[in-house]
Structures are given as structure tokens and as C-alpha cells.
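Below you will find the structure I want to go over with you.
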């Protein structure tokens, strides 16, 4: 049985959280390793949250927001995109496996995509952990 | 304090002795890393450098670690956390100032309520000292009661006396137990050579710090603002200083951890109300000077400084403590 | 060169255009130290040579220094310091009209064993920007600027994640958390650094290898799009951690990602406060 | 003018009309025959196409209506008569006695437990027994019991009286009498709805004789977790789970039995599809089959829902109207005979048969309406003209919902809002005194007292409890520090549960509440209102989603789902500990309305808002008004469009309150609800207007097809072009003898997998107009599904009667058109009935090409920050219950911008959008949400990074400190993540609250 | 009667002329008025006892052929004679097409237009009466055992109809 992973998901309330709800409504099944934190906008996700998650022992972190252009607050996810790009680059530079940190855009009508993203992230994080254990 | 009789050993034989003593011990010695000398745990005696300038970090951290866990939250309540302190260790070639610094930190950690971690580490560690042939540019150990050939804080003091011969001076019983009957007794010629080398070493200490007798009266002077203006309030001087022993206790997850702290940080003396008795930079720098050269002297009769010069050498803005303290009489008195 | 600097400082202090002058001097041991002059008589303490490495703009945001004297402050800046000053002005930490900028033509600084610093080889501003400084001292130097291939960054990027972790683990094991790198940096002017907050606590203050990892990640992230690679942090670090490599990694990332170089224009802000609708998305899952 | 409106009927139509009127500050009296409001929708298990649980999306609206100070609800009441007076009407209302005092009854249920008399339960369609004293269903609104006077021993024979003895609240009152009330009102809205056909209209289906034949509404009760079988599907005969369930469509609909030409009831195809999907979800070994004539999936995302039913859930669709059912006596199974695609007869045995019954008009209503001069049509429905939906011909009396004809829930909600805007005429005006300010309740200061968290874990019927071990989550919650109370509830969202939570808050002195149930997006407001009523600041609530994001999606790993639920609760408590009371902020409302688009919908919306006295800025890109409508001659129902358009355009041009901007584009829209500023561009002249609401009516355009050589051949035209040919008596008609109409061209396939709703009716209209003038011409119609739903079906029948021949084709075997020469084609189409390819020589091809969204939708959507659907139309807030709203407050949509629709539906939506806009414009102050950024001055360095990233310009830097304008701040938090020193934080989602939330995962 | 446009409509393989007025001819006769209302839902086929045992007899197909105008095929076909006018299709047809009435009209036209001799109609009536007699006798035999009929008896009866296979 797959080892239970601890993955923290920061979901923007207007799109990704609604998409996750829609995945529920459409009964798209996906692994139960993710724990969702609802934030008003993906722009609210402070890189310090992600650092603290990894520091406290999270196996993986997913930040999911509206597709650029759809943001309920007009520009939040544009900044998220740049911040996360830099942060992911930084993580890789220091040797944190990039498969443990994911960013995705899931809109309110993409229930299936949400289920697929979570499944992919769980697989990636599992592979990353197995990979590092092998070393 | 030493037993007076000294013995002489050849380098190879000394090496063999050290090898045998440190069998099964964790060895800590000076090594070069990226071009700078550090005291590090090493695999074997062979990795240790025999000739090196003042090391960056000294041996303080092997007795008063940067981070040590004191208590642990377990299922049945909070338990003291015992780091494996019973492991036998040997410190090779500690300079006299670092060893003497131990006697100063002992006074804090080994008093009536002995510190569990520090006490255990001190008990299990043999300190093998190496005298300084030539003082570094920043050294001023003489001005504070130290000496390049000092033996305080050591179990045994080794001094190189030329053509690969070393004079051993057993300081403590433990030192005597390890090195007592080794090597031939030092004849008068060697002793003579030893004294001349000692005199030459002491002369090589160029810097002298004139410590004012009455520092307290300079407390209110603006002098301290001037001299501390360039200070960056970082922790380099205190963390590298062998006698600085301030620490903070924080909770990290399940562990209560003791970690180094420095009086130059903003949060060091900030109280819960947000009030801070030493709010400004100059107050904090002044406190560092007075603690070592005024209060410590009054309380314990010795200066809280061993004159290793690390604080001036490694300060990012080269704040020179010798010059600052020495010119208090001239510029700082009311 | 020293004479001109002293004369300029004297004039400024004398006619009151500045109340305080930040320059380079010598201490008892002959090391170069920052000096803070209040009276025209003290100008003799000013020196200038290849060891004047400090970035004096750091003190423009140090409350303990600024409050020494009311009124405008004069400061000597080399080409690299000037970039930091531009960033400080763009982030409203320094009012342009409250400082007098004395640009000094630099011919490359040297380290303790007389070698030119690696940052000076590729530096493009040995000659301070006349339009920005109030006065520029020294003849403009014509030189061929070496192309910066960020070889140090590429070297690390060539390693696989495990090797990188091991490399930085070695350095961060040494880190004392003395915060010299933070306190020497002109761009770290926060009143209370995020590292010192404990409600919530972002990084535990104790100096374990893991905690140090996160400290350096936060610092590198907070400098992204702002750091001008003045190199002071690496110089100030007592245990020799290659901090410039970390900062240059982010300078390269910002250059590649958003075609932005910090410290060029006092109006421009960090790219993390800007966006384009067609920013790169190749890292999105 | 009397400011009260009478709404007759408490179904979703009446409720929505009541809500909109109350939203405009108008007093409402709602009269409902049954003991509860909610009507038939309350009996549904789920709603299509989103499969939302019906009660979950309905109860918030019922509660909002019940708790609105401006609405009086009379249940168990009926309107005896209505008399017209000069300033309105006087209605005689008979309120039947409930024998229970509404004020005292707390719906504790003790009386029902003790009541000895068992009575068939009408709410569950008499499948199960209920008690003589009962409440219709658990989440009934109002939650008050009622004694069934026909069966009560005490009332009939003076015996028993147990309920009075046990009632703790002393609410039972046997002496209660029926009362008659006279009520004078300004206007009347009739929303009495319709009733289902009894299947006895088709005895051959064996309803009432064979036990395992049930109607669709009975089956809904079986599926519903609060139904007689708690959501388990069982066969009435032996209570065993059926293996195969059959759904039979068009029972009573499209059938002469329901009236001269028969009509379609609009929603049964989709309801059957939804029920079939839910049935398949109950387990792998239960299959469903649907027998149908045409699948009428004409609404938004309906076709995709049917496709998903086929591919993902394995529902079988068999095209064959069932002639009769035979029960095999021993097994009580039902044998259904059907025709296979190749014409063979096959029998299939089913364990359970569901008859999809349609709607018909109840008999009694005629009398009441005729009394006020309202005429009904042949089927008994009260039809209004296409250009005046909701109108009854009698001033002040309006109709909405299924009383005007069979329709689905979204159309009912739209027609209800439209009726509300008509009824509001003259009762609202910009300078009406403002709505009563909600009295700021004195909230106890909870900062000092120790943290006491109450945890409520909802079972949501079986939705959560069937996967998550709710009791163990409750027990686990009790073990979390600071949790002083934890309990499970069957339906946390029901009114009695809310009241229960309020009592527990007071009883245990809770100062934080964690609700583990469904999505906060839909139910946070509901629980927050509960906290308010308990005297607690409503922001001390923290919800966590253990249904949509746990039980529903981790069905196959119940143990991990339970563990996840526990951790989610612990995380919620982690954040809850640090919640602080917050208060909303008020901002003033600008009274103007902006309408984008001068087509039919835009004009009607603008006129309706303007007629109610509010200034409208009508923006039209073109240099003329009318949009798509200019290209249409007449409607299916015969009304002439040209004259109607002329009349409407004239009214718009002359209306004093409408400021018209032709040839105008929108440069930008700033601001938020109640406070928008829009920059307009006319040529190079820029003007800006201020307004409080926005109505998007940008319309759509005809799809341009490449198929069948349309672009190059003059003899291949679209349906609309053919209408113009007919109107202009194009000479081409002389030559053309035989015409072929091909439907679903480029529709319902590939990327454009949606039905454009209007092409079938357009074809039928063209046939009828053609045959009026040229009866001898031959018309073949090649179709996939004839979707002339609702009262359009009779026109389809009439079209067949003109001799037009309708041939069905499959998407997999499209008709092949061979062009012989100019104006002469041969079409080969495989006729399933003859099982042969039929060759049709025709001279003209008329293509049913459907409707595409405008390319400019994207730009407008970005400016208004509103989403688009997968197909590019505007995406409304909720497909069923908020069809004209956007999730962004203050912005509404109507017309074809929302999706393809008929002219009368566009107009109804336009009036609905106007009504919704009026609920904002009639207010003086708008309450904006409480979350706002705030700056810790001790930490702020004045660097201005936060101001750089604020999209709303809500932050300025003065005196080296950042300052937040709380009215502009929308609470997105982008600034908090940009600040280096953590000096700026967001209330409700502070750094500490978020950290404490995820930190719980690692303790 | 308007002019009749004859056109060629080809069923793949056999070219047949069609008469679009045929459906109007029938609609004009009493009982045939609603023929054009048929939307081919198949209820008639499903309820027809004859279809149950006759593969190529499908009322729906006959209506469709009429609407398409295949006059000769319809009047000349054998299929129109199978209908036993039990009226079950009429009762259940949702569009009131009155199929049995249309059969009566077709039979009248078939005779008038010489597809069958008049005598054939009386022959068909006789067949109907004979079929009913056979049905009566068979029922009499099983009614005796109505309270004790066994599975085997039922199986035996089924063999007469070829185990319910259509087309026997």
C-alpha cells in the first residue's frame, strides 16, 4: 500500500477550491494524501508558508489558483506565477527535489483537472521521496 | 600551575603516543578548510595540522555547542535529553588562549549548579595544548594575563623546541596519567632553550591593551557612540570569542533547545513589554566592553577576555577592541 | 585621489550642504574602516585605496548612524555601491535630496592577499554615473568589461539535487547564524527581520544545518530582483560561505525570466512587484 | 400606492420572486397551500447537470426568505378570491388551522414520536407512513409541526390528546380555527406551479397495479437520503436492491392524452439522466436504461452531462417509446419490450421501472384567475406574450414558473425574477428611504475568555457518513485541545440543526465554532447567520470540507477518508483558535445602472430598470439598436418581430432615464458593487460614467459553418437566411420545389459539444411559414434529436401535419450530400425505419447551424473579472438557482451572452437581470465583506512594495508608513505575500491563522 | 387535386417512382386525417400482436412508406393484409394516427386500383374468423387445467408458436 504522504495544498477560494468542489460533485476520485488550505487568492500564499511546510516535514506542497486572467482579484495569480517560478528555481538550487513542489491553475469548471493534478502530484512526490531514499 | 618537571619527545614518538591515546576517542583538531584554519572533529591524528594561525572558531563550541537539546517532549511528559556525552574525546593542539578561555567559561557552567551538557563534555575531554611560537598580528594575550606559553586549562602542554623535538609539560593529573612517564626528562640545555623560546614568543606579542582602571566613569561619555558607529550589530565577535557564553533557550517542535545568542542583536535584551534597556547600538557595544573588562574583573578577578584577537580579525568592519579600550582613558573620560 | 576626496568632504561639511560625511579611514592596525565625519577638521581621517570595499550605503538606513546628526548626509560611493543606492531610493528608504553622492572612480578593489575581487572583473560601472552622483572624483577609466557567464552558478546547477544538498549542507553546517551577511547588506533594512519574529515563528533561531538551509533560502528569496551583487555578504561571512553564488543564481534567474537587472534605474521596482500577461509558465503542473 | 405584493405559491418560483422583491425593500406576503415552502424542488434528491443535492442549494434560499423581515409567510393557506380596487387588489386569504402555534413550536419532534395514529406520508408520495402530527420533512421551512385534521383522534372523536401532553413548548392548540384574512396589496404574482400527471393516464404501464412501477418523483424520494429508504434504492415489492432500473420517458407528455396536440414537459429527459447516473453511482452491480423518443438536452452543459452518463456511468439509452409493461407474476420483475436500432423487437426484464411523468395544470386554479380576468390557454396554462413574459393582460397581476407552462428550475427562477421586476413597477424609486440598517448586535467580547471551540461534524445524510466514520471523527474532535463540545448532525444545514447549534453555543459558552461538512463557498453564510443569532461574531466560524473534498472523492478508501477528515478537523481547530471577531464595512451605492449591449436583451433590461425610475447607461458597439433581432421576421408563436423591435427601439430612444451610447466601446471598468466607474470610448471621445450595477447583454452570433459547401453555394443557406428568403419572396422560391433541412450542423460534436437550443424550433417555424404560402413544396428535415421542448411541441406536430417529413440520422452516419449542379443536390440518408439508404433529390439545403459566443466576450469578461464557460459563453454564479448573477457581486448577465436561447427566454432573462440589479440599486448602502489588510506600523519600513502589487489601489504610503483604505480593499492578500517584514496582514486569513492551520498536520 | 409531381426516388438498387400526394390522398379519407402526425416512435410496432410473430410486418414502416409516397409498394405489398384490426396500436398511439383506419383505407384503394380482386377481402375475413376459432379451442383445452397448469404444458403451447420466434 502506498506510504501515506503529507501534501499541503493551498487553494484559491474562487477557482481551485471551487474546482475541487466540482471534482467532488462529479465524484472524480483521487488519492487522499492532500490537505487543503483555503486562501482568498493564490496571491495570498506567502513563500514563507511553503518554506515552513517543508521545514515542518511536509512531503510535498501544491499551490493552485485561477488561470491567469481569471483571477477574481484581477492580478493575484500573475504575481503568484512569478513568485513561485523564483521559489521553485531557488528550491532546486539548494537541492530540494522539484517534484515535491507544484503549482497549478485549476478553474471552477475543471473538476476533472483537479483530480488529475492531485493524482499527478501525489505520484511525483512519492517518486521524489522514493528517489531520495534510494540515494 | 605545572608539576615543574618537563619531558622531551621526538615528533614521531609524540605522534605515536597521541595516536595510542586517541584510540577509541573522538579527535578534535585544527584543519584547513577553504584556506582558513578551523577546529573540527577529525578522523585521525594524521589529519591534524601542526602549525597554524589562530583558528576561526576555537574550541568553545565543543563544550558549549551552538545548539544543544535540553529537554524532549515524550509521550509520558517532558524528559531531560541526554546527548551522548559519555563518549571519550581528545582536543589536540588547543592554543593557550583557547584553553585559558575554558577556565573562564568553567567558572559559569561548572559552578554550584553544574551544567549537565558542558560538565559531561569537559569531564570526558582531554585537552592537549600547543604553545604559540609566534603571536598573530591581532594577539594581545599578555595584556589580559595570558601567555603564548600559558598552560592554564590544558591537561598537557606541548611546545616545539626545534629540530622536531617537543617539550611536554604535564599540567593536570589526567595529563600526567597519559604522558607522565613518556620521553626522556628534559635536561638543562633543553630547559634553557625552552625559556629562550618562551621569552621570544612573549616578545612577539606586539599588541598591548592598556585597560583603564576606572572604566565605569567613562560610562556616560559619547565616546561609545563614535567608536560603535560602524558596528553592524552582527554576532561575529561574540560567536567567535572563546569566552562569550550567552545563550537563548527556544522550543523547536518537541525539543527545548539551547542556542547561542549575542548581546548585539536587537532582540537580546528586549523585554516582553517591548521595552529594551539597551535599545541603541552604542549601549550594546559598551556593554560588551564593560562585561569583559570591568564587571567580570570586579566579580572574578580576571578579565573576561583571553586576548585571542578574533573579534577584531573577523569583524566585517574591523572594529578594533584593543584601540577602543586603550583610548578610553584619553578620549572617554569625562 | 585622497586629496580630492578630503577637499570635497571639507567643502561639503564647511558650507553645511552635509551635516555628516560617510567615508573610508584607517584604524590602529592599518585596516580600512568606515568613518563618520561631522566636522571639516576631521577630513584628514579620510583615505582611499583598493581596500575600501565596504558598501557605505548600508549606513544610510542605520537608525543609529543617521540620528547622529540632523540634516543631509554625504556618502562616498563606488560603481557597485551606487547600484545599491538606486535600489534603496526606488524602495523609498532614502530620499534623493537628503543625500549628497560623491562618486569615486574605482579601478577594482583587492582582497586581503592583494588579488582583484572577482566581482570587479565583470563590473560594468567602474565609472560612477555622472547623472546620478552629485560629484564624481577621478578620471573615467576605459576598460574591456569581462563577460559574466555566471560560471559559479552553472557549476552548482550542473550537480544533481543530492549533490547540491550535500554541497550546501557542508557550508550551512558551518553557518553560525551570526547574521553578518544580513546586517552588512544595504537592502536588509527591515526594522525587525522576519527571522526574529516568533509569532508565528518562520525559522527556528538555533543554528542547525536544516534551519540554516531555510534561513538562506528566505534571504535569497527576499533579495530576488533587488540584489546588485555588491559582494559584501560573502566578504563579511566569517566562515566563508559562497553567498554571492546564491545571490547571483537569483540575479541570473531574474535576468533570464524577466529580463531585469537591479540597480540600473532608481524608478524601477523588483520584477516580483510587476507582471506580464505572457510570463513563462513552463514550470506549471 | 400600497407597497405590499402578494405572492401565491411557495415553490422555488414564489420563493425567488419573494426574495427579489424583499431585496428591493418591498413588503411581501407569500401564501402556500402546503405546510412548508420549497415546493417540488424540496422533494428532489439532486439537480442536474451539476448533481448538487437539491436541498443543499435550496435551503439557504428558503432560510433567507423565512428570516427576511419584509416577508410574511402564510403556510396551510390559500387565496379564496381577489378583488381589484383603485390602488391595487384586496385578497381574501383562508389560513387553515395547524393546531400548532407557529411561534412556540421548536420542531423537537416529541409529539410525532408519541402520536399513535399512522398516516401515509404525502411528502414521500405516500410510500411510507408518517404520523398524524408531523413536519413535512426534516429541513422543512418553516420548521413547524401540523396536525392532520382528517385522521386526528382528538379532533375527530375527542380521544387521545397525547401530543398536547408531551409537547415541552406547549405549542399544541386543538381549539385553533381556520381564519380568513383580508389583505390589500399593490400587485399579485401567481406562482402556483403545476402538478405531475398521474400515470393512470397511460394504464398500459401498470402503475398502481404492478408494485415495482414508480413515478419519477417517487423515485426521487427513494434516492434522497432524507427519503423513506434513506437513499438506498429498494424495490417496493421485496425491499431488495434492484439490479436493473428502467426509465420510461414521455409518460403523459408529447401525448394526445395530455391535450389536443400534446406538449413536452421540458425537464423529464434530464431528470431521468440525472437519476440514472445517481442510480449507477450506488454501486457497480446496478445498471440503468432510459427508453426515449428524443433526448431533449437543450440547456447549458446538458449534452456533456448526457455524454458523461453514457461513457463514465454506463447508462444505456434506447430510442424506443414503450407501448406497455408486463409483470412476471412470480418475480414481480417487469418485462419491457422495445425496438432495437435495426427494427427487431426485444424483451428485457427490469427489477424496477420509473415513469418520467410530465406536468399538467391543476384543475382548481382556473376559477381564481378567471375571477380577476386572467385567461388560460387550451392546456390550462396561463400564457403571456413572448415580448411581455409574466404579463397576464391584467395590470398588477403577473405570473411566473410552471403555471405559465412546463419548464426547468433555471427558467422558473428567471421568470420569477422577471415577475418581481414587473410587480416592483411604481413601488421602488431611487429616493426611496433606505433599507432598515441591520441593528449591530452587541457582541460579547470573547478576547479575554479561554478558547472554547465547538466542533459540529455533519453526516449530510449518507453523502459523508457513507464513507467517513463520522462518530469516530466526533470522538477524535473531542480529544483536540480547546475543543469543549463536539457532536454529529444528520444535516447540519437544516433549520432545526442551525437552531440546535445556536443552543449548544449558548449552553457551552462556545466562542469558536468549527463545522466539518460541505463547501464553505455554499454554506458559510448560512452557518455565519447561525452564529450571529447565537450572539457570537459570525467570523468566529471555521468550516472544513469533508464532503466534496473528502467523502465524495475518496469513496474507495474509507479508512483514509476518515483519517483525512480527522486531520481536516484538527487543522480547522488549529486556525479557529486564532480567529478574531471582524465587522463588515458599509459603502454607499451609486443609483445608475450600466447595460452593455443594445440587442433585444439589453434594451428590455434597460427599459425595465429605467421604468422603475433608475438612470440607465446603455452601451452599443454598432450604430443601431436591435442586434440579432433585426434579422428575425416572426416568432414560432406567430408574433411579428419587426413591429415589436420598432416599438421597443422607439421606447428606448425616447425614454428620459436611458442615456444611450451608440458606436461606443468600453475602455475599462473599475470599482466594485455599488461603486463602478466605466470609461467609454466613442470614436476618440472618452467619457466616464459612474454606476452601481452592470448588466452584460452582449448577445451572440450565428455560427459560420464550412460544411455542405455553405460558403460557396447560394443554394445552401442557414435557417435564418431562409427566413429572409421567405419574407422577401426571393425569386429562388419559384424554382425550388423540394427543400432539405439538415439540423445539428457542427453542433453537439468535437469542441462545440453543446446544443444551440433554437435551431429545431427555427426549422419548424420556417416549415410552417413556408407551407402557409407554398403548401405543395416538399420538405425533408434530417435531424438527430427534435428538441422543440415545452409548449413548442404542438408546433412540431403542426409542422408534421403540413406534410414535412422528419428523418432521423445518427452522428456516426451523417447524410451525404452530392451536388449534381447549381441548385440540385442528391442526399443519401440511411432511414432506420426502412433500414435502407433513402435518396432525396432536393434543390435547396437549409442548415441548422446553431449559435457561437462573441469573440469580444473574453475582453469584457476580463474587465469585469467574470468567468467564461468551456464553450466561451458567460458563466453564471449557479446554473440552477442564480442563472443571471455572476459570483462577482453587482454584475449580471442576460440574453444570448449567457447562452443560446429563444427570444421569449432572452426577454424573461433581461427582466430578471433588471430585477437582480434593482436589489442593489434600491439600497443606499452596500455591506462589503469584512476581510481587509492592515499594517503593523512598528514593522513597516514604508518601502511601498505592498502598494505596488495592490490591484485595487487600496494602499498608499504616507509619512513612511503604508495605510490601507478598508473600503477599497477586497481582501485578496497579494500584498501580505509581497511584504518582506510581514508588516501587512490580512484579517480572517492572517499569517498566524494560516500557519497554525497547516502546522496541525505536523504535530 | 393539385398537379402531381412525380420524381424518382431510389431505394438503393431499385428505382421507384413516388407519389408525394399519396399521403394527402389517405389524409383526405375519413380516419386517415392524422397520418402525417406520426413521429415514428414505434409504439404501434411494439403493441401489435401480428408484429410479434411476423418479422417483416411493421406498422411504422408502412406509415413511413406512405409518407415517403411509395404508393405502389404499399398498395402492392402483402403486409397491409396482415393487420387483424385489434386496435391495440390505435389505443396506445401518442399522436392519434388511427393506424387501423388507415389500413381500411389502403385495403379499399388496393381493391379499387386492382392490386387485389374484391373477393380477397372476404377471404381475409374468413381467415380472421378461422384464426379466432382455433384460438377459442386451444383456450378451452387449457382452461380445464387453469388451477393446475404446469410449466411443461406452457412449454408445449410455446412449441406451436415456434418458441416465440418472430417470422414463423
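Chains here go by letter, A, B, C, D and E, matching the order in which they are written, and residues are numbered from 1 within each.
In the analysis below, a contact is a pair of C-beta atoms (placed from the backbone, for glycine too) under 8 Å apart; a residue touches a chain by one contact, two chains touch by 3 or more.
What you see is a predicted model; the values in this text were computed from it and never measured.
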{"item": "Furthest chain, CA centroid comparison against chain C", "value": "E"}
{"item": "Innermost chain by mean C-alpha position", "value": "A"}
{"item": "Chain C and chain E: spacing of chain centres that average the CA atoms, whole Å", "value": "99"}
{"item": "Inter-chain centre distance, chain A versus chain B - centres from mean C-alpha coordinates, in Å", "value": "49"}
{"item": "Chain centre separation in whole Å, for chain D relative to chain B (CA means)", "value": "79"}
{"item": "Whole-Å gap between the CA centroids of chain A and chain E", "value": "67"}
{"item": "Sequence positions of chain A contacting 2 or more other chains", "value": "47-48, 52, 56, 69, 75, 79, 83"}
{"item": "Shared interface positions of chain C, touching two or more other chains", "value": "192, 194, 200, 202, 272-274"}
{"item": "Per-residue overlap in chain E, given as positions that touch at least 2 other chains", "value": "none"}
{"item": "Interfacial residue positions of chain B with respect to chain C in the complex", "value": "33-36, 38, 56-57, 66-67, 137-138, 225-226, 228-230, 232-236, 238-240, 248, 250, 252, 257, 259-260, 262, 265-267, 280-282, 312, 314, 316-320, 322-323"}
{"item": "Touch list for chain E against partner chain D, complex", "value": "2, 5, 7-12, 20, 23-24, 34, 36-47, 51-52, 58, 60-61, 64-65, 67-68, 91-92, 94-96, 166"}
{"item": "Residue numbers on chain A that touch chain D, as the complex places them", "value": "4, 6, 8, 13-15, 17-18, 20-32, 35-41, 43-49, 52-53, 56-58, 69-76, 79-80, 83, 107-109, 115"}
{"item": "In the complex with chain E, residue positions of chain D that touch it", "value": "204, 250, 254-257, 262, 293, 320-324, 337-339, 343-345, 737-738, 776, 778, 786, 796-797, 800-803, 805-806, 808, 831, 833-834, 836-841"}
{"item": "Residues of chain C that touch chain B when the two form their complex", "value": "27-29, 31-36, 54, 58-59, 62, 64-65, 68, 174, 176-180, 182-184, 192, 196, 198, 204-208, 232, 235-236, 238-240"}
